[in-house]
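Two complexes are shown next, each including chain A; its partner changes from chain B in the first to chain C in the second.
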Partner chain A sequence: MPVQNYIDIFSQNRALIDKGSAGAMNALRDKAMKSLVRNGLPHKGLEEYLHTDVARWFEPDWGMNLSRIDMHVDKAQAFKCNVPNLSTLFYFLANDEFAASDTAAKASLPDGVFIGSLREAANRHSEILEGYYGRLADMDRPGIAAINTMFAQDGMMIYVPDGVIIEKPLQLVTLLHSPVDLMVNRRILVVLGRGAQLKLLLCDHALTGNAFLTTQVVEVFAGDGSGFELYDLEETHNANMRVSELYLSHGADSKAEIDYVTLHNGQTRNSVFSTFAGRGSSLSLNGIATIDKEQHVDNMTFVDHRAQDCTSSELFKYVLNDSSTGAFAGKVLVRHGAQHTVSEQTNRNICLTRESRMFTQPQLEIYADDVKCSHGATVGQLDEKAMFYMRQRGIPQAEARMMLMQAFVGEVIGRVALEPLRDRLNRLVEKRFRGELSQCEGCRACR
Partner chain B sequence: MNSVEQENSLIREISAEKYRYGFTTDVHTEIIDRGLTEDTVRLISERKGEPEWMLEFRLKAYRHWLTMEMPHWAHLDIPEIDYQNISYYADPTAKKEGPKSLEEIDPQVMKTFDKLGIPLEERLALSGGVAVDAVMDSVSVKTTFKKTLAEKGIIFCSMGEAIRNHPDLIKQYLGSVVNYRDNFFAALNSAVFSDGSFVYIPKGVRCPMELSTYFRINAAGTGQFERTLIVADDDSYVSYLEGCTAPMRDENQLHAAIVEIVVMDRAEVKYSTVQNWYPGDENGKGGVYNFVTKRGLVKGVDAKLSWTQVETGSAITWKYPSCVLQGDGSQGEFYSVALTNNWQQADTGTKMIHLGRNTKSTVISKGISAGHSQNSYRGLIKVGEHADGARNYSQCDSLLLGSDCGAHTFPYMDVKNETAIVEHEATTSKISEDQLFYCNQRGIPMEQAIGLIVNGYAKEVLNKLPMEFAVEAQRLLSVSLENTVG
Partner chain C sequence: MMLKIENLHAGIDGKEILKGINLEVNAGEVHAIMGPNGSGKSTMSNVLVGHPAYQVTGGKVTFKDKDLLAMSAEERSHQGLFMSFQYPVEIPGVSMTNFMRTAINEKRKALGQQPLAPTEFLKLIKEKRDLVKLDAKFMNRSVNEGFSGGEKKRNEIFQMAMLEPSLSILDETDSGLDIDALRIVADGVNRLKSPETSVIVITHYQRLLDYIKPDIVHVLYQGRIIKTAGPELALELEERGYDWVIKEYEDSVK
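Now for the complex of A and B:
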């Protein structure tokens, strides 16, 4: 559908959209529409979208559940995707509808902590929602923030007040379920006070074989001295299209770790916009993509060093099989005065077949002199010498190849701070390379 | 003054450094009226006494140029250019009172090239030295050693002369590497180009001396649009050097050139540039806009093309010398030092297009930014589907001198073949305090220490230059950094 159709749908169903949502979310819709009219959808003609024509994904006549009909999602399926040995607070987003597991609902959270749906937040904590919702997502840069803001009706909000540490990781399983091809617009807002700490695990699954187009906008405000970990795992299917944007603002002396893992998908575009607003903060930003067939993964990162003494480290690795295509664009901007910035960025890729294709584009833009910045990118194959060494010692070729690929992505998995998740990822990646896709034991969701 | 203040004050002093080639030559020059229309193109062609096919070539390019827009994707802040306010042809060799002798050169012009250190008298050249094609504004003034070279079958002459005397070669190769549709400035150049050099090295010939072209802008209100074409036939070798300077003026002058190189089986071409166009004053006033398209088609098997550039001049540089590696086993190299100072802007780098099997490319780029300048490396490594065993290594380092300048890296990698290995590394930093401390400790003053380190930093590239140019380049770097960094 052309952009105009979306604008028409929006105008005609405005009352319905508002009714299924609340407060601050409704307040921003008009501004979002004006922005969409001005900028359109991101297309291949834009430098940032050179290798992913997101606008084309919006062309089919997607269904949209604006009247919020109950899709009868079997949430129990999601439990089969839990991480062994990792005790988490379990939540769901069924399409964009929030629900807590029984244990999570009963769990006693520290005073002032809010974990719930955005609609509920609009009623109970409107001041927080108004203060933060849509403040980071830049609707005027090429992307999907505008169309997401127009149509998003629900999602999740996490608010952790000053000094509160949530020990247990939060696991949010997003389940795509629909009897027809569906467009889902979901939204996640995370606000961490001074010294607050949170670990969030996002798992993306599709329960039905229909095509899905998901737009996801995540906004994270990390207060001074806070600690934030985000693990975003995608295990969907070939008919799934996902555009995700993460906006992250780092307070002074805060620490963040972001990991993107694409194990199975159709077409994926992840964008990360990270801004160092206060001094002395750090970011570890990592990604893995193991894809085959016609799959496509495009990770774009933009790290904006506005403050002094901040550190950013990025490591992205791709293994491309069959006719899959991968793209990585990483930009590091060191602004005037952001002295003592240390930034490193690495993107390494293995193309296993002639048909697979990789585009990589690391970028440095630096306006301060007392900095140490580097980036490196490689595209190549498995190390023949290592392969020869293993073959010589009696390891069959297929096994040796597997071990090398696993070691290759193992470097990224090794950066994951949560140990049980690390083990889980190693297991999933191994299965992926063995051609068993990435299904979790007995789980319908991941097939 | 503590060491940081001292360093900063030294860095400020760079700005005071004067451009030593900024003089003008008072010589009678015929300049055509400003503006660009089909008539201008016809007039240029007529002045140069060109055949009809050449005029057609120009007109096609001009008509295409009219449909194009100036590119804005580079990391450059380019002020609006009024293409109708430039004169596209200036001839300093035109005689006031009728032609006397074609060989006779205005003594003022001779003096100019003497002053620039370019010997136009063959007897003054060092033995085994350099053959020079000297171009002032739109006209080639003189080409030396033509006879010596002709004995080996080598053609080295101005483009105008080549169009008249070697039309078959020109028809075959002109525009074969850089088509007039390639980009905005390529179309402009194809329409209005004037002299540049033409080089043809026959099969199996190793050019006995360095060939060189020296470009000088002299007249005000003009631009320079030269065109260079080098064809190296099978098993031949040539080393070609290019130098350039311009007077200091408050106006911005446009230089939009095209360099095309064709390298056949097992041939090798080394192309070196020391670019020293007037960079503008310390407030960013004046200076040359250097928008150049340089590309080599490495057509033959095991052929090799090597670009080496030292870029210190120009107010704005937009330049990406490239190699299309078509022949199996062909090689491309790009070595670059780009120094920007005051308010200069540079967006420069290379493109390596791997098409043949077992092709190799190496990219070494060293950027140095000082003052308020912005210095960007932009590169593309493209590996085609059939380029089995393609190998690339790129390294781009940037050095920042002062806190008001910028250093940027924009590499693109596009790999379509699973047997290719492509590696890119980039670093950006300021001069290591440990290295400075080490030098200071051994009694080397700050100024010299910084110079020593910067020269060491650029050495990897300077070493690739022919001797005559290496000395000049090293001097240029130290002049730019004098009283600052050495």
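Now for the complex of A and C:
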């Protein structure tokens, strides 16, 4: 479906889209549409999308639930999410509609904390929503921020006031559920005050086997001295397409960890735009992709060092089987004056078959002279020497492979700060390599 | 009979390196295989343990009455064949404990035994570590990662002790070892010796044989065993080098 069709749908259904949506969201739609008209959808001709032709994903005539018909999503399914028992505050986004679990709804949150739908935020915290919504998402950069802003009708907002620490991780399980092929536009806004702390775990699942296209835009304002952890775990299926964009603004002396784990998917593009706005901040940005069949994962990161004394550390690892393809592009920009920047970026990949392909592109742009920056990328196979050594000790080849793959991604899991999640990820990755991921059993899309 | 090699031909990348090896090792015996560089010593040990890069082009190897060459590398290990590597491999991210537990339990599974209970396993580790004076801290580390040369070789003998093989091949175990490490390694091997187990020591130098006394010494040259004698041969080779054995062999062929 060409871009014009989306513009037509948008124009013809404007009243329906606006109905019940937050005013702050409606206010940006015209601007977003102009931006889409100007820039179109991201296609392979753009350097940032060289290996992922996102525009093509928009070609089918996707259904969109603009009139917000109840899809009867069985939220009990969310508890089948593979990361249970983390003792989290549990929330759902059924397609794009927010709901709290019974326990989370009853949980007493510290004063002033808001966790809820964007619609509710418009009623209770309109000043925050208006002040921050759409401020970071750059609609003029090649990407999907514009189309997402045009069509997003709901999503989630989290606001943590100054000095408030939410100890328990928040778990947001997104459930894609639809009787027909569906496009979902999901939006999340996180605002952390000075010294506030938040751990957010996003688990992306598809419950029905039909095709989905999700656009996800997450904007995070991390205040000075704040602590933010975001774990974005995708476990969907082969007919799922996902484009996500994360915009993160780091206040001074803040600390952030962002981890992307693609355990199972169809076609995925994740973009991260991280900006160090104040000095003395740090970011640990990591990713794992374990893919097979025709799956595709493209992670693009852009870390913008605008302030002094900031540290960014990136580690992305992919294991590619069958004829899967992966891409990683990591750009680090150290601007003039961003002295004492420490930045390291590593991307390591294992292609298990001759048919699998990996494209990796580290990019460093440095305009300050007192900095320490490094990057490295490798594409290779499992270590044959190690494999034989293990077999000589009686470990069968299949098991040896498993252990080596596990060890390979284990380095990334070791960086995960949330300990129970680390254990869980180790087990999930092992199950993934053994072909035992429960979410995909009986799912027709993956046979 | 522990091991019987008959007219073994093998090579790598289409190049024949072993050109008809004949060797018999009985239970309880220690054999030394010596020879100049490039004579085929490492090829022989790699072929015996089933390294996939090597191709066997002829001959027969019987290990404890079974056809060794028909078995995969892991099956050979389960049947009791062990090789101490000349260059032990580092495996980042796989802890020694996990590695050893998997190896032992896979062997037990292959032999139809139950996995070792965790307490028994830990007891076994402790006992075998003591044998080669390997500190407990190594067990939580990745296999061979950050180990010194001597620690790597001690780790090889530790693994040998854990797996209790019937036939152990020590491939240039003395290379890169100082005298103290050599003594610890040799002492470990000697303490594991029994009337039911055999050892093949592959070495360029006589040095290790001062500590691990061979019953029989063979000289390997250009892919063939050209001389077999008692332990005194090793001393003679140390003193006189290989040239005289080679000359003796070449004369006999003419």
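Methods note: the second predicted complex is superposed on the first by the 431 of 447 C-alpha atoms of A that agree within 3 Å, B and C clash if a C-alpha of one lies under 4 Å from a C-alpha of the other, contacts with A are read in each partner's own complex, and residues count from 1 in each chain.
In the analysis below, a contact is a pair of C-beta atoms (placed from the backbone, for glycine too) under 8 Å apart; a residue touches a chain by one contact, two chains touch by 3 or more.
Note that the coordinates shown come from a computational prediction; the quantities given were computed from them, not determined experimentally.
Novice: With both complexes overlaid on chain A, does A:Q406 touch chain B (first), chain C (second), both or neither?
Specialist: Only chain C is touched by A:Q406; chain B is not.
Novice: Between chain C and chain B, which one touches more residues of chain A when both complexes sit on the common chain A?
Specialist: Of chain B and chain C, more residues of chain A lie in contact with B.
Novice: Regarding the shared-chain residue A:R354, is it in contact with chain B (first), chain C (second), both, or neither?
Specialist: Only chain B is touched by A:R354; chain C is not.
Novice: For A:A239 in the superposed arrangement: first (chain B), second (chain C), both or neither?
Specialist: Neither: A:A239 stays clear of chain B and chain C.
Novice: Shared contact residues on chain A for chain B and chain C?
Specialist: none
Novice: Touching chain A in the complex: which residues of chain C?
Specialist: 49-52, 72-74, 76-78, 82-83, 85, 88-94, 98-99, 102-104, 106-107, 110, 142-143, 159, 163
Novice: If you look only at chain A, which of its residues touch chain C in the complex?
Specialist: 383, 385-386, 388-397, 399, 403-404, 406-408, 410-411
Novice: Which residues of chain A touch chain B in their complex?
Specialist: 47, 336-337, 339, 349, 351-354, 356-381
Novice: Across the complex, what residues on chain B touch chain A?
Specialist: Residues 73, 75, 383, 385, 398, 400-430.
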